[in-house]
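One chain, chain A, appears in both complexes that follow, with chain B as partner in the first and chain C in the second.
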Partner chain A sequence: METIPLILLILFGSALLSYVIGKINFVLKVGVALAGILVSGYYFLQLYGQAQSYTFRLLGFDIIWRINPLSWFFGMLIFGLGILVAIFSTSYMKNKERVDFYCFALCMTIASMFGIVVSGDLLSFFFFWEIMTWASFLMVIYYRYEAQAAGIKYFVMSMIGAYSMLIAILMVYAQLGTFSFDALASGWSDFSVSFQIALFVLFAIGFGVKAAVMPLHTWAPDAYGMSPAPFSALFSGVLSKMGIYGFALLMFVFGAGKLAGSVTTIHGVALPSYILAWFGALTALIATLIAVMQDDAKKLLAYSSVGQLGYIILGFSLNSSMGTTAALFHAVNHTIFKGMLFLSIGAVFYRTGTRKLSEMGGLISNMPYTFFVVLLGIITMAGIPPLSGFVGKWLIYEALLEKQMVLLAVVAFMASTAAFLYCYRLIFTIFLGQRPPRFDDVKEVPWTQRAPMLLLSLLTIYLGFYPYGLLNLIGQAESTVMGLVPMNLSQSILFNDLGHVSTIAVMNTVGTVFVIVFVLFNTLYKRSRKVGLKDIHTSGEVPGPEINLHYATDFYQPFSRSIRYVLERSADRLYGQFANNLEGFFDVLRYVYTGNAQTYALFVIMFLAMLLMFTNWLI
Partner chain B sequence: MDTSFNLWILLMPFVGALVGLTYMGIGRRIIARVQHRYGPPIFQNIVDVLKLYSKKTAITHGVMFHLAPTLAITGTISTLMFLPILTGPHGIYLFSFKGDLILLMYIMVFGCLAMALGAGQSGNPNSAIGVSRGLSQMVGYEAPFVIAMVTLMVQFNTTSVHDIIKAQDSFVHWNMFQSPFAFIAALFAFLGFMGNKPFDVVIAPAEIASGPPSEFGGKYLALMQTNRGMFAFVKLVLYVDLFMGGAANFVSLLAKTFFFYLIPLFVGIVNPRFRTEQAITFFWKWPTVIGLLGFLMVIL
Partner chain C sequence: MYFDPVLMIALPLFAAFLIPLLGRVSKEIPKYVPVVMIGFNLYESIMMLPHSMVKPIIVIIAAWKPPLGINLTIGALGNVLALIISLVGFVVAIYNVRFVQKEPTEKYHMLYMLMVAGATGMVLTGDLFNLFVFLEITSISSYALTAFIRDRNGAEAAFKYLLIGSLSSTFVLLGIALIYGTTGTLNMADIAEKIQHVDSKITIVALILLVTGFGVESEMFPLNGWAPDAYSQAPTAIGAAFGGIVVKAGVYALARLIYTIFNFQGVFFFILIMGVITLLIAEMSAIRQKQLKRMLAFSSIGQMGLVLIALGLATVRGVEGGLFQMFNHAMIKPLLFLSAGYLVYYSGSKDISDLDGMGRKKPLLSFFFAFGAFAIMGLPPLSGFWSKFIIISETIRGGFVVVAALALFGSVIEAVYYLRVVGRLYFKQPNESEKTKYVHASAILAMSVLALVVLFAGLFPDMVMSYLKPAATELVDKTAYIKAVLTAGL
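Then we have the complex of A and B:
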């Protein structure tokens, strides 16, 4: 049997099977789901470097499923994080209610995402896209009533995106008479300019909702926050990447990148792409500023995720091979560090039962492994060398400077600096500072949760040391699928016309200096005496247990005062008001549909009477 | 080449720390003169650090507390390794592969982050307040700083510090004259960098008892003070490289870095401290506007 349909069959099959058998036994349903994901992951690995395609006719339409380097690249993210999340879930979801439902939605989501990346035509693309929305919606409303509002918001926003994409797809079909990507790619340049721009905008809205570009991001913080923790990792790490995959298709496969030939250009980028770049940059900045002010760990990560995706969109919209490389590399980075961080926050929630930053503190000695993972996660997220985050940031800035886009570069730099704030808040308020007495007995999470997090941390260290393998893979995708000339690569140094950095030298230097200082410092001196956390300089006063020594509430108060102009505005509130106004407007209809049977009877009689009158006239 | 190269790698951190600490000693002396005091001897800071190094005991609050000074100094030494220190025929480049500016901007944060984490684990609320203020202020001065850096990078179409130095071959071509707006913006950012008054919200001795380092003592404080001196040196050398065309020998390096050291010092002597939000918004007003003017000059 062909590998692609086999993988889809296994995944969808294990989704159904784990739901049906799941009624019997916990181990069985989790086992089925995990086995399904692992086996399909194994088959997927064998697809590396192959160019398979599988075509069949359904209801008179050609359905094409194919694999190419670009879809393999995104498939790698799906299965990489998917497997780790599934392993993490085995212990996280133990003793929780409705595990069968969870397994079903997890497998369903992974299957539909794989379906999206292998689709070679718009019809199956849209079909899998909608399954993905539905399956992830099931996950958002996992906690039923409290998740209701978040679920509705997610669904409505996804609908807006889906309809706008559907319109675009039908417009394409009306012009070309076929749904296949290849036909669209070759036919794109024959469209009129206004038609091209319309398609670009409609597709951008469709993908932008999933990639949470501002102002279409409002669903993301609630949905990420509400879904079970392991799934949040998948949500932010991979599911949002489907929007990014969409942008990659739109810009380089469908041919929106070719717009530059026919419309006004700024710095060599077509105007629509340039506007998109600004959307990306402003998303990065504003979402970061909002993230700094969050007290809910998951919402903080959600806003940060929105911001990081802004960087990726920014990279794509530059329409250069450097920018695309930066975007794809940062996409991998984002998958890794958001996986690490969401899983660690999940682990903390698993042990402490809270996500409020102001309620936690001092967990480092209780959960050292999780602390280590969060530490590496924030270093990567902040883009500090020598971890892989720096490589992504460096590529983005070089791409911007290469195009001489100075203002965009400044905004991107600022967003990255502001990101330090929430990074520190996240790690400090949870793991450092004073520990509340009720968390004294908190233990580290089991190995099934530790292992996936630690694997991801190893990955970010490795990519910081040697990013060139991944860059080669990206280069392959660019040259074969995206029609770009990949940036020049060497195997030991990152370079372009502007400058160069040797990641290996950076990693070696930092490592060597650290080892030398560490060894000297610890051999020349005696061991230090360990003292308790309350044993601190308090000007002679002895702090009793009732005195709060943990600074976690309103952590960046002065900063919030200086950015209040940003915080006062909210797209979410705007939409809320719009919805309220609409509701008021539709209230008029209540005069007609009163819910009273007698009124309806009156309507029926009036209608019959009118019918009678008009029939007399007509005859 | 190889011997001197290896020698410089070993020596440079010590040279940096000594120079930085001596400057601080001179700074204390100058401040004292302005306030009609005699002030401590110039080498007092170095003596203090040596005394701290000779302390036998220390207390620790945990792993991150123990590691923080080590990591901080790791970050600073690494930055020093990637920074072109002397140019010309007897240049000192260490591992700088011509010094990538973006790498420098990011690797400088490494040490600060480590210090912030250590301060966080000390359990002292003042330390955490200090860190939160410091990070907030960083977002403030990053605006003019980034604008200035991007101006330079676009102006010379390179991200390599070495190429930026090469472009300033003579006195009149120094960036402080060639792109004055970027220089002024960067200078404002420098005030924030150095953390002298009016931007010393981080340590604010009278408010939060010197903030982040307040729990560190003995060998930890010794490392952190060394790091402080070295980090000051790193920042000074970076500014000399960017705006005064680097330095060909140690005499001119010392003269130029001392010039830069005096600026925040003099500003600090006559000014009281800002509140944190005032400090942030200050940077977002005039310095940013001046930086943007510099942009216009480059683009047009």
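Then we have the complex of A and C:
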């Protein structure tokens, strides 16, 4: 059997099977789901470097499923994180209710995402896109009661995005008579300019909702926050990447990048793309500012995720080889570090039962592994050398400077700096400071949860040290699928006209400094006394455990006052009001149905009379 | 091997009048008569399918050849609709077996049989006046069934329905009289042939009268005032049957009219616009409804709006989409109504706000409702996705991008109100009070059949489509139909 349908069959099959068999016992349903994901992952790995395709006809439409370097690249993210999340879930979901439902939705989401990346035509792309929406919706509403609002918001916004995309897809179909990507790629330039721009906008709305570009992001914090922690990792790490995949398709496969030839350009970038770049940059900045003020760990990560996706969009919209490389590299980074952080927050929640940063503290000695993972995670997220986050951010700045977009670069840089604040907040409030007494007996999480997190940490170290394997893969995707000339690479140095950086040199420098500091610290302060976590003295007095010395509440008050202007304006509230007003309007309108038989009879007569008066309407 | 298609109408009619007598023998028999009779119709329509796909089956009654005598003309379209009607009718009949507890049960079964027989007659007949007669049979039994729960609301709803319904049948009759007066024939194919020679000033009036008349049954705005009340006040199973049977027959008549009999091109655009308006107003009205069944009624109107849009496109592909949507709606809406009926029964109130936590208490019923809601929203891989996709695709291909956008906007509204209800089922804490009565196996069977059909049609849409394609072709290209009827006797 062909590999692509086989993988889809295994994944969808295991979704149904784990739900049906899952009624019997826990091991079986988790086992089926995990086995399904592992086996399909194994088959997927074998697709590397191959160019398979599988076509059939459905309802008179040609359906194409194919694999190419770009789809392999995104498929790799799906299965990489998918498998780790599934392993993490085995212990995380133990003794929880409705695990069969969880397994079903997990397998379904992974299957539909794989379907999206292997789709070679717009119809199956949309088909799997919709399945992905409802499958992840099921996950958002897993914790039933409080999740309703978040779930409906997510679903409705996704639907608006999907329908906007649908109109674009069908407009293409009306023009070309086929859904295939290839036909669109070759036919794009024949469209009129206004048609091209309309398609660009409609597709961008569709993908933008999933990628949570501001102002379409309002569902993301709630949905990420509400879904079970392992799934939040997948949600932010991979599912949102489907929007990014969409942008990659739009810009480089469908041909929106070619717009530059026909409309006004700014810095060599077509105006619509340039506007998109600003959307990306402002998303990065504003979401970061909001993330700093979050007290809910998951919401903090969610806003940070929105911000990081802004960078990726920014990279794509530059319409250059460098920008695309940067965007794709950062996408991988984001998958890795958001995976690490969401899983660690999940691990902390698993042990403490809270996600409120202000309630935690001092868990470093209880959960050292998790602490280590979060530490590496925030280093990557902040883009500090020597981990892989640095490479991604470096590339983005370089790409911006290459296009001489200084203003955008400044905004991106500001966002990156502000990100330090929430990174620090995350690690300090959870792991450092004073530990509340009720968490004294908290233990480290089981190995099934530690292993996925540690694996991801190893990956980010590896990519920081040696990003060239990945850059090569991106280069392949660019040259074969996206029609770009890949970036100039050598084995250890990234360079272009502006300058170069050697990651190995960076790694060595940082390593040396680390060793020196470590040695100095241990020799010079050898005689210092080890102090227990709660052995804190103030002015000679020993405060009791009831006195709070760990001010994790009201973090960053001055900062929050200074950005109040941004925080006060909430797109979410605006949409809420708009929806309410609209509903109020509908409510008035529905009194057309008065419930009065005479009125209804009058309607019939009026209808008849009107038609008789305007008969030439009908001829 | 199929029997004489006349039996599809004659047997249920005969059996309907036999039911009161059989009821004297035993209370149990009337329950099963509809199951057997409509089961026979189902068998017939399945067996005829391979034949009618190739060439319309013309049944000549009493040796009066068309265009003189009354004849049944079972083309692909009529057969597909007869199949839909019998399938829904059969499933609802199974549900009825244990659902109808209120006396006089035998009258309920009798009226139900009449309604199904009338609707089947409407889609099978080749004679315009006969169409009117069957319309009357269907409507009158519907009025009576609406008032079956003999309370104030039921009576009021039935009266509204009666008022609008009789207006509509008056118009239909006037229209038919005009046509008969000018063409001198009642055979639909013959009219189509001769109407070209008649002054269009007269025929346009006939068209307007008939469109208004059948527009009432097919829930076109603003002629659908009866629907919300009738759907919500009639017994649940009847609400399901309205959506699956009565309205389908009404839409069939409308389609026959504008495609086969008359030859006006402007009417298609008019139907398209009316479809959008119907859809939007219905979805907007549904969003703040407090009663579950009323909400479903508005959603049903909205779905018919989508069908009207498809019919207004006047392309083979568009009509295919419209027929697929009719098929889906005929499967999904009864599923929603039947599960809603039990949910309402268990919560003890018709209000949506009293459904809190039913997902905990009645998982299977809630699952069926949620499944139906997902299917009608058009989520893949359920069948609603394909029909919506084709219709929107054809609308955009026809150049009506704004219409498509508005229809999709309606779909978003639809998603909101369905999700709110599904949300209540699953997200709210259940109330304490609980009726400990189990859902009957017959009801579970009925709902499972519908759900399986929806899933199957979604996974293998080509199976359904292969039957809808000849039906759509028959509608759009009327020459084959006319020729088949007029040469039948030769």
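Observations, loosely collected:
Throughout what follows, the second predicted complex is superposed on the first by the 574 of 619 C-alpha atoms of A that agree within 3 Å, B and C clash if a C-alpha of one lies under 4 Å from a C-alpha of the other, contacts with A are read in each partner's own complex, and residues count from 1 in each chain.
As a convention for this text, contacts are C-beta pairs under 8 Å (C-beta built on N, C-alpha and C of every residue); 3 or more make two chains touch, one makes a residue touch a chain.
On a predicted model such as this, the values are computed, not experimentally measured, just so you know.
Once chain A of one complex is fitted onto chain A of the other, the partner contacts of A:Leu34 are absent, as it touches neither chain B nor chain C. Within the superposed three-chain model, A:Gly383 lies in touch with chain B and out of touch with chain C [touch as defined at top]. Contacts of A:Thr599 after superposition: chain C is touched, whereas chain B is not reached. Of the two partner chains placed around the shared chain by superposition, chain B is the only one that A:Tyr397 touches, whereas chain C remains out of contact.
In the superposed model, A:Thr615 lies in contact with chain C only, and not with chain B.
Contact with neither chain B nor chain C is seen for A:Val238 once the two complexes are overlaid on the shared chain. Once the two structures are superposed, chain B and chain C can be ranked by residues of chain A touched, with B on top.
Contact with chain C, but none with chain B, is seen for A:Ile141 once the two complexes are overlaid on the shared chain.
In the superposition on chain A, contact is made by A:Met414 with chain B only, not with chain C. Chain A has no residue lying at the interface with chain B in one structure and with chain C in the other. Listed in rising order, the residues of chain A touching chain C in the complex are 58-59, 123, 127-128, 130-131, 133-134, 141, 144-145, 147-148, 151-152, 155-156, 159-160, 163, 166-167, 170-171, 173-174, 583, 586-587, 589-590, 592-595, 597, 599-601, 603-608, 611-612, 615-619.
Per the touch definition, chain A reaches chain B in the complex via residues 362, 364-365, 368, 375, 379, 382-385, 390, 393-394, 397-398, 401, 404, 406-407, 409-410, 413-414, 417-418, 420-421, 424-425, 427-428, 432-434, 493, 497-502, 505-506, 509-510, 513-514, 517-518, 521, 525-526, 528-531, 533-537, 539, 549-552, 555-556, 558-559, 561-562.
Taken in their complex, chain C has these residues touching chain A: 159-160, 163-164, 167-168, 171, 200-201, 204-205, 207-209, 211-212, 215-216, 222-223, 225-226, 228-229, 264-267, 270, 281, 284-285, 287-289, 374, 379-381, 385-386, 389-390, 392-393, 396-397, 399, 401, 404-405, 408-409, 411-413, 415-416, 419-420, 423, 426-429, 461-462, 465. The touching residues of chain B, when paired with chain A in their complex, are 56-64, 66-67, 69-71, 73-75, 77-78, 81-82, 95, 97-98, 100-103, 106-107, 109-110, 113, 116-117, 120-125, 128-129, 131-133, 135-136, 138-140, 142-143, 146-147, 149-151, 153-154, 157-160, 163, 209, 214-215, 218-219, 223, 275-277, 280-281, 284, 295, 298-299.
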